[in-house]
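Chain nomenclature is as follows: A, B and C, assigned in order of appearance, with residue numbering initiated at 1 for each chain independently.
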Amino acid sequence: MKAYETVIGLEVHVELATKSKIFCGCTTQFGGDPNTHVCPVCSGMPGTLPVLNKQVVEFAMAAGLALNCSITQKCKFDRKNYFYPDLPKAYQISQLYLPICRDGGIEIETAAGKKTVRIHEIHMEEDAGKLVHDPWEDCTLVDYNRCGVPLIEIVSEPDMRSADEVIAYLEKLRLILQYLGVSDCKMQEGSLRADINLSIREVGAPEFGTRTEMKNMNSFKAIARAIEGERKRQIELLEYGRKVVQETRRWDDNKDTSFAMRSKEDAQDYRYFPEPDLPPIEISDEWLQTVKVRQPELRDEKMLRYEKEFDIPEYDALIITGSKHLADLFEETVALCGKPKEVSNWLMVETMRLLKEQEMEPEAISFTPAQLSALIKLVDGNKINRTVAKEVFEKIFKENVDPEEYVEKNGLGMVSDDGLLRSTIEQIIANSPQSVADYKSGKVKAMGFIVGQTMKEMKGKADPGMVNQIVKEMLDAL
Amino acid sequence: MKDLVKMSALEIGRMIKAKEITVLDAVKAQLEVIKQRDPEYHCFITVLEEEAYAQAAEVQKRIDAGELDDSPLAGVPMAVKDNICTKGVKTTCASKILYNFEPIYDATVIEKLKKAGAVIIGKTNMDEFAMGSTTETSHFGETKNPWDTSCVPGGSSGGSAAAVAAEEVFYALGSDTGGSIRQPASYCGVTGIKPTYGTVSRYGLIAYASSLDQIGTFGRNISDCAVALEVISGHDAKDSTSVSTESFQYTKALVDDVKGLRIGIPKDYLGAGLEEDVKESILKAAEIFRSKGAIVEEFELHSVDYAVPSYYVVACAEASSNLSRFDGVKYGYHSEKAEGLQEVYKNTRSEGFGNEVKRRMMIGAFVLSSGYYDAFYNKALKVRAIINDGFQKAFEKYDIILGPTAPETAPTLGESLSDPLKMYLSDIYTVSVNLAGLPAVSIPCGRDSKGLPIGMQLIGKHFGENEIIRAAYSFEQSVEYERPTAIAAEGKEDKSSGNQEEKSSPKKED
Amino acid sequence: MRITEDTVKYVAALAKLTVSEEEQQKVATDLDRILDYIETMNGLDTDGVEPMSHVLPVKNVFREDIVTNQDNREQLLKNAPKQKDGCFAVPKTVE
């Protein structure tokens, strides 16, 4: 077999985190009963007209700046014409001739070191609706709730060579967009979707091979599998002397294979032309400057700041900033309790453990900075001991309990009642003659048994420092 | 009461305010005339009898409560072209594909009219999707010209123009993409105004060609047109192309004074193809302006011949996209014979659209298709820029431009349908105004040898409505408004029969 | 400019229209004539001219990011030829 190289470019669709849709006042909220987030405009009723949501332009500018693009200060929308039931106007308002951002790129880490993936352009457009097959009547049901949700489409150059590079690129992209606050990038809700353009060529070949486009992947794992599958399929074709056909394919993750989407009916002639219903956009230097000034701190800056400002290890900073949600949680909790190291510790150890155990993404964490901060304060104020704290944390993580209430209700407060501890220990010493004898004969370790028995008797709630001190004092006094 | 319908909209409005008549009187009189005449002229697709009575009662209450003191047209019956969305009232665009479509919202102009106390008495006939110059492409049958029922009323707003001429309404809304208000106004002997692009909200106007479409008004005189236009003008946040900076006070321009007004007549508008009768009337009109103190000159506008091809490329391209949404899925006609999605689309559209609409959608698809965009669509946009430029230069020298509205008077029914190209060419004086987004009015200025009305077009600069309204008003003071012959005769018959009764009654006493 | 019957088929497909075999020749002739006429535009020199898609210098028309619309499903589906479970229904799209 010859040596082949895989060439991959990505078209990433990102749903923007606006409250309302791109051209009307309907909510962008995910879910909702079918066709309840729809109005005459986004359902393309005759006579209706679009009015552009300003926030969409600013989010697109923010993304472009963070991805090192140049901003097209005179830009406009175009119509892309095609018939499909999820597109009620039979055209998508998008950008072809003057996309809002061009010529950017980001650096990714690969096995062979750093590498830049260039970004060809970013354009703004509207999302389409959702089609659901109805098995009872063997028809398709059309829900326009997603119609008109604002998207940016980030088009990369064909600069990636493996699934690993694609994942690295997507992860970096996702993190940047989340930090910017322009999208939540939830793949399972479709707010980040990647179409993969993939071709194969012999190593050293000057020209690209014929590419296919793959759609319909809803996780990084599926993307990796789809790339692997398509790579193999194309190499096999070439090895047997067959040709790769330029086509759009749909990845079926369950069957682990892709299918050509039937397209005989549709000539791919979108007949783009300038959208007459929307006047052009002119981005002044001042406007660009205000967006620049508002750009939030991105990951690399944040990592450096955490190390310096909070004195936490580089590795911890790397993990915490690896998720915007985690970083926000960290900073907000620190602001409440003033204990960066404690906060970082809870996130790095217990949180990570539970995420792994529950197979969750950090974005899915639902406890609040207030809850974690309250827990830290309980420990810090000797109200509960560390063993109890771990138990409480798990409850916070899984059930969102209020730590103070939970401790109170379940009587988990640390017992530091000197009289109670003394009488309990007295009893245990009286019932443990062997251990007492061992201690007296110089086996200091025997004290551990008495302490352990005491903690057990106190159901783990005793102040361990006090118990140690009283046990030693009483044994020595014997 | 029947003579009420002869009056102007403003006069009826005044009489209602003065309690000389009620809104109900006006509505009743109007409906009576519609019942009598519309079977012959067929101006309406839908007559809203019940709704009009309900509206009349409601508007009367508001008038009595003093809420509509500032609204001169409150209570006056009017009609709306059937491509303007009216909530819960069938809006068909004269197409089978929307034969049963009831919009779920009111167009902005309808909201404004309702607020001003207008009584909408019906939806008027038109060329299917406003594509045509004769109102013959309507799925619901053609409208006939009240001046001569063997002739077309013009189009596409032929129903509105004919209804105003036939006194079936006092005023009406139309839409103008390439002359669709001005040309039927000229054929029917009434006044029609198309304002500057962006003056009237297009929200709720079912689009033909978005960058050219504009709603305007018809009346039997310029005052009615101007007052009605004032009601519907103004910025609308729902239409991104509506302008926010201008104030629209047209009634101020209703003054009889053209002294010093600089009027240019494009030589290119008086050349080959122009009917001799039309030319004569235009030159006579020019004389009237001159005699009233205006400065009238002929000049060369250039590029006039390129307007029609450029217009058809732009209009068809936008239409092919705008009309793609009619697919049998969300509203309107749905082919029952269809199996599978592609057939639903193709059968619905092939059965639902008429030939002219299909032709224009195919031209539109062609000029935008891959490989042809630059040679056709982009070229047309460049020609459009040059045409606009030509006008801008002309307006450095002139306040308004005067010319014919159409090269000929109303053709007979069926004459234009056989040759689409000839029909397109008849738009030669009107389309460039839409390409450049200018305001223009057509007013009656005489009749040809067949007795058919001739229209004169006055074109203004961007937001120069007041100049053309002033000129039109001033011209109107020098000429007599003529009612369609048959209708005028009908009145005389009424009178003469009345006279006979008067004469006969004393005889009885004898 | 020569519009062939294949061109007619192609633009009809783009516009989702059916043109019967019998009509094709006539439609081709019609379109050909009209496009021939349209091509007279080429008589005008447009070198260096900026194509004009908007006639007025209106720009930057925006709305604020505010949710203003309520659920209006019943109205929305009122005109639908076929509906089911609060959705528009079409023949199946997946093969």
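Going forward, a residue touches a chain if its C-beta (ideal position, glycine included) is under 8 Å from a C-beta of that chain, and two chains touch if they have at least 3 such contacts.
What you see is a predicted model; the values in this text were computed from it and never measured.
A comparison of the A-B and A-C interfaces places the larger number of contacting C-beta pairs at A-C.
The most distant chain from chain C is A, comparing centres defined as mean Cα coordinates.
Each chain gets a centre from the mean of its Cα atoms; for chain B and chain C, those two points are 25 Å apart. Averaged C-alpha coordinates give centres for chain A and chain B that are 57 Å from one another.
We define each chain's centre as the mean of its Cα atoms; on that basis chain A and chain C are separated by 39 Å. Within chain A, residues 40, 43, 51-52, 81, 83, 85, 140, 142, 265, 269, 271, 273, 276, 278-279 each touch two or more of the remaining chains. Contact of a single residue of chain C with at least two other chains is seen at positions 10, 14, 16, 53-54, 58, 61, 63, 72, 76, 82, 88, 90-93.
Among the residues of chain B, those touching two or more other chains are numbered 101, 104, 211, 237, 240-241, 320, 324, 327, 329-331, 341-342, 345, 365, 369.
Listing the residues of chain A that touch chain C in their complex gives 18-20, 24-27, 33-40, 43, 51-57, 81, 83-85, 131-134, 137-144, 262, 265, 267, 269, 271, 273-274, 276, 278-282. Listing the residues of chain C that touch chain B in their complex gives 7-8, 10-12, 14-18, 27, 30-31, 33-35, 37-44, 46, 49-56, 58, 61, 63, 72, 75-76, 78-82, 88, 90-93. By the touch rule above, chain B contacts chain A in their complex via residues 84-85, 91, 93, 98, 101, 103-105, 107, 202-207, 209-211, 237-241, 317-318, 320-321, 324-327, 329-331, 341-342, 345, 365, 368-370, 373, 377.
Those residues of chain A lying in contact with chain B across their complex are 40, 43-52, 79, 81, 83, 85, 88-91, 140, 142, 265, 269, 271-273, 276-279. In the complex of the two chains, the chain C residues touching chain A come out as 10, 13-14, 16, 53-54, 58-69, 71-73, 76-77, 82, 84-95.
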